[in-house]
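Here the chain labels run A, B and C in written order, and each chain numbers its own residues starting at 1.
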């Protein structure tokens, strides 16, 4: 696959919560090894849109999506496609750090692989080390791998969750406001980490922090009330947006 | 008096009320334990635990058969109710929307509210009548009906406390739902679930009414599932209403043992929770 | 394009070294005019790039504290360096017209070159102590300039020097003096980057000025002498 072939494409995505039309006709392509930020005022549907990219939106009763999400030449919104297999390729990190309860740091990282049936101990150990290293957490926890994951600090927990997501070897990592529950130092670490993740993964991140979007992303999409107002390179969106609404939002005059 | 002083006085008055009500609640519990200790501890000795009752008129003897019977029937009841209750609780917590779960929830709520004597009668008609005789099995079934709704609701409440994003995190790892529920949600909260179970068991251990019509009680040691079986609450009841002074003394001792048993289970369940919290804080 | 303060620093230092090179080529009689012109083109290109870099850096990375001060300083230094490049090229053109050797002018050229080097050094190393000393070098250049003007005027009065030559030489002196001033501007930014302090030298020079300038008095004297078109109130 060449650098310029999109790894993920959405065509005319519409999402409803019962009667409420949350996302309206959104089409965006995502290039491999890029970071795309989705920004917009609260309630604009950015999380909803992100969650439909690995069909985790189905967890909300009454939610349904139409349109196409093309991954690997396949429309993953097709009811015949098994969401379980999709999610192995498109992982997700959530807003609140959520290590699994009563599981050690070690188990938290490998639980995905373990429950997928990988039993080889040496392989699991190796995965734990590489994933914790990729999540920039290894040095901090390598001596306390048997402690419960919940004993770590918030920022460490979130990096543990990132390591856990990476362990099942996804191609795309979705992040739903991954730093909104963290302090600035932990946020900084995660932002730094994302620049490294970009080398191997495609990252799509929802953030309500515009500066964060500007700092870390290559592309930015701006949503308002379920509409895509503008999508472009972050340097264009943040220095010279084409739409008045975008201009107003990023200058803090609206939203 | 200025405004500030009035406010302060009101505040003190309110706090005093809170302490008073706390004292009113604590007092009966402490009094029950102290009273039982005073009345029962003196008759408590190794004989009480190791011996069977002596014939009427002779002093001495113990309640070994009743203690074992209580454990036996509570164990039997738990064996029936706990696995079923946990599974139902999981069902309610994870798939709790729709007609069937709502019916189940209402049923278990009603079952909690059913007087224990009614449960006794129910077990009587269900098992004692067809089998033509009081039996430990009937006692166990009656106790299981006491345990079941408590286990269901406590399991459901505990699992509902787990935020949805933890389930979603499991699903986002590309795991099927049943694996997420079993390996992540339930396994991660076993200590909490067991706390609920232990509370339910301790509740059942003290029940008299359901056993009156079912296990009935006897004066000898029995391990038979189909024969009548003694239990502490029934034994206490029988001894307490008897005219013999020695039996009344033993009833006090039995009551003391029973309350220690129930209290002990409660404390154990609390310790499990606390230990887990301690563990997590580290 | 890498948007980091480190990268911005690197770029501005590269540009500064080009400017330094341009001035030394100007002062070197053997170097052809074309070499300076070529450098000037490169310097201009650098200016555009660094401007864009700083703009995007501030817009996208929302830098704080030291990084912010650096970005703003670079935005200020950037046109100054470009001006120095311009002046250097202009000086080279005047040198081309010059047919005599003026040792004093050459001397001044060396002092200015040294000042520029030192200014850039203070910027690279963040050395505020060195920056403090530069003010004296600038004073020296200014005196040099004043002396040269007097000398050339005398020489012209006495018909010892062709007027065209004298004017060329004066322009060179003027440009060199200006380069000295601009170099000082670069050094001044060190105080801002290191301590967040603005206009360090200005404070310094105003305080050292013994005769403070009074605009009202000056205008009044002008009116009295009826220089302003003879308008009398």
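In this text, a contact is a pair of C-beta atoms (placed from the backbone, for glycine too) under 8 Å apart; a residue touches a chain by one contact, two chains touch by 3 or more.
Bear in mind that the values here come from a model prediction, so they are computed numbers and not experimental data.
Common neighbours of chain B and chain C under the contact definition above: A. Counting C-beta pairs in contact, the chain pair with the highest total is A-B.
Centre-to-centre, using mean CA coordinates, chain B is 90 Å away from chain C.
Distance from the chain A centre to the chain C centre is 51 Å, each centre being the mean of its Cα atoms. Chain centres here are Cα means. That of chain A falls 46 Å from that of chain B.
Within the complex formed with chain B, the residues of chain A that make contact are 54, 56, 59, 61, 83-89, 91-92, 94-96, 98, 100-103, 111-112, 115-116, 147-148, 150-151, 161, 164-165, 167-168. Interface of chain A with chain C (complex): residues 211, 214-215, 234-235, 238-239.
Those residues of chain B that touch chain A in the shared complex are 97, 162-176, 179, 183-184, 187-191, 276, 279-282. By the touch criterion stated above, chain C contacts chain A in their complex at residues 55-56, 59-62.
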